[in-house]
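For reference, the structures are reproduced in the following blocks.
The following pair of complexes shares a single chain, chain A, combined with chain B in the former and chain C in the latter.
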Partner chain A sequence: MKKINIENKEAKFLTRIADTSLILGQRNAELCSNGPFLEEDIAISNISLDLFGRAEEIYNIISKIEGGTHEADDYVFFRNEREFFNIKLVEQPNEDFAWTMARQFMHDVYAEFLYTQLLESKNDEIKGLAQKALKEIEYSLLHSRDWLYRLGLGTEESNARLQEAFDHLFKFVEEIFAFDDLDKEYLPNCGELQSQWNKEVNRVLSEINIERKEYEALSMRDYRDGFHSEHIGHLLSIMQYLPRAYPEAKW
Partner chain B sequence: MEPHGKIWKLLGEIPDPEIPAINLVELGVVRKIEGEESNLEITITPTYTGCPAKQLFNDLIKEKLEENGYKNFSITSTLYPAWTTDWLSEETKQKLMDEGISPPVAGDRVITCPHCGSTDTKMVSRFGTTPCQSFHTCNSCSEPFNYFKCH
Partner chain C sequence: MEATDKVWEVFIQKKAGLAFKHAGSVRAFDKKMAIQNARDVYTRRSEGRAMWVVPTEAIVSVPLDNSDAFFDPADDKAYRHATFYEIPDGVKHL
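And then the complex of A and B:
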């Protein structure tokens, strides 16, 4: 098995963003042909395509920075759990449709403000990607936010299930904003990212009768060091099975 | 004649894999053609990041050039400046309309039915058959149609 090291600082930073997009794409892809109804199935699959496409473009940039030692597919299929650097939020399972949409909404708000800061990148390829991705993120946000209003203001049951989803997912928010030196080097304003996220999420929750409780911080270590919740291994085993079992397979 | 006019024309013969009514030049995928004929440098840009057809752009261009006797060329993909539907000409938009796909309109506001021309239409699904399209129906003629989203 080839060992994949990512050496360059910028490439390391970008891996966090690419992995977050990839893992959420894979989570959404689980619902392809399993969506609650046809249009929603198509919507989730399309959002998944956007996330995969975005991840691929970033892995291509990483590959270029790293001197072409590995290709996009190598980063996706031949790294192990501890070598992935996605935020834990996006690896949480599709326990319920409310989980899927709450997770998507929390991610989309984060992505919107994150990619807005990437518009100022000194790397033109990143800048171009951010311009393109922002249109897709805003579109996805329209969709996920819409669902929150429908579920939050729907029936007693839909509200309760959405509340349950948020109660679980909020435990994975704290680490997102525990920025390190690498984040601070490549994002012009980390503090603003956190305050913008809180403001928008709190605004929507207050309008849909969902409570943001005091959540006890989990004793899990940071995603930036390759730590995950228990779900990542299962996700990777499905995503990586084929190219690992048949390394020469072409499609 | 514009330098590389012949090559532009050649690449203009390659239909988009998802929407064959328009070609890769009209779509704005081919950004630059530089270098000598014996050593062409072609720069392309992806449309939607999640478009499965983007994987084919490279192969189709390569195939076309090889068919026409070009041996030495490079194809580089760049993300900047980011591709936008603003690059579609009025003529290209009309081609889409003729094909039954309502072309992009700034702000996705007034969407015209490609079948009867009515602007009394409604969105059925924000996501359609490809990442670049949403699904609509016309209130005047009751026909369904795809809309090429603004990007």
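And then the complex of A and C:
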């Protein structure tokens, strides 16, 4: 088995962003052919493809920084759990449609502010990527936010299910904003992200009768050190099965 | 989906100035969802720059059992077709 080390500081930072996009793409891809109805099935699959495409472009940039020792596919298929650095929010399962949309909305708001900061990157390739990604994120946000209004203000059951989804997912928000030195080096204004995110999320929640509850902080270690919730292993085993079982497979 | 949704017909314009063409249909509960669904289903390979969605029930169509009387009289009137003069160069999309 290939051993994949990512050495360069910028590459390490970018891996966090690429992995977050990849893992959410994989979660959404689980709904391809399993969506609640045809149109939404295609919408979620489109968003999934956008996320995969974005991740691939970032892995290509990482590969270049690292001197081309590995390709994008190697980063995706030949790293193990502890070598992935996605925010835990995006690995949470598709318990029901409310979970999927709440997770997507929380991610999209984060992504919108994050990629806006990446427009100021000193790396021109990242700058270009951020420009392109922001258009996709804007649409995805339109889509996920719209569903929150429909679910939150829909029936008693849709509201209850959305509340349950948020109750679970909020536990994974705190770490997103616990920036370390590496984040601060490549996102000099990352300190603003938390208040921007809270403002938008709280605004929407207040309009759709969803409560942001206090919760007991979980003793979970940081995603930046390769720690995960229990769900990542199953996700990776499905995502990585084919190229590991058939290393010569081409697609 | 629930009984309260309905079918919408989707029309897409490829470029400014061209006619809107029927692309297909989607199911949705309201205008906003209809246009978003249509965007996702019919414009994912950059098929267009503008789009209409129209509730199918708003479209008036010729009942099939009337179609003979409705269309047949045009069959022997070849002069109604613009085939008797040459189209000047430079005229597109006629």
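In this text, the second predicted complex is superposed on the first by the 251 of 251 C-alpha atoms of A that agree within 3 Å, B and C clash if a C-alpha of one lies under 4 Å from a C-alpha of the other, contacts with A are read in each partner's own complex, and residues count from 1 in each chain.
Definition applied: a residue touches a chain if its C-beta (ideal position, glycine included) is under 8 Å from a C-beta of that chain, and two chains touch if they have at least 3 such contacts.
All figures in this text were calculated on a predicted structure; none of them were measured in a lab.
Taken together through their common chain A, the two structures put chain B and chain C in a clash. By the touch criterion defined above, A:143 lies against chain B and chain C together after alignment on the C-alpha atoms of chain A.
Of the two partner chains, chain B is the only one that A:131 touches; chain C does not reach it. Legend: residue contacts after superposition of the two complexes on their common chain; A:181 is shown touching neither chain B nor chain C.
Using the contact criterion defined above for the overlaid structures, shared-chain residue A:211 touches neither chain B nor chain C, since it reaches no partner. Residue contacts after overlaying the shared chain place A:156 against neither chain B nor chain C. Once the two structures are overlaid, the count of chain A residues touched is higher for B than for its counterpart among chain B and chain C.
In the superposition on chain A, contact is made by A:37 with chain C only, not with chain B.
Shared-chain residue A:230: touches no atom of chain B or chain C. Once the two complexes are laid over each other on the shared chain, residue contacts for A:53 go to chain B alone; chain C is not touched. Shared contact residues of chain A with chain B and chain C: 39, 42-43, 46, 142-143. Listing the residues of chain C that touch chain A in their complex gives 1, 26-28, 32-33, 36-37, 40-41, 44.
By the touch criterion stated above, chain B contacts chain A in their complex at residues 46, 48-52, 54, 77-83, 124-129, 131, 135, 149, 151.
Chain contact summary for the complex, chain A toward chain C: residues 36-40, 42-43, 46, 142-143, 146, 150. Interface residues of chain A facing chain B in the complex, by the touch rule stated above, are 39, 42-43, 45-54, 56-57, 60-61, 124-125, 127-129, 131-133, 135-136, 139, 142-143.
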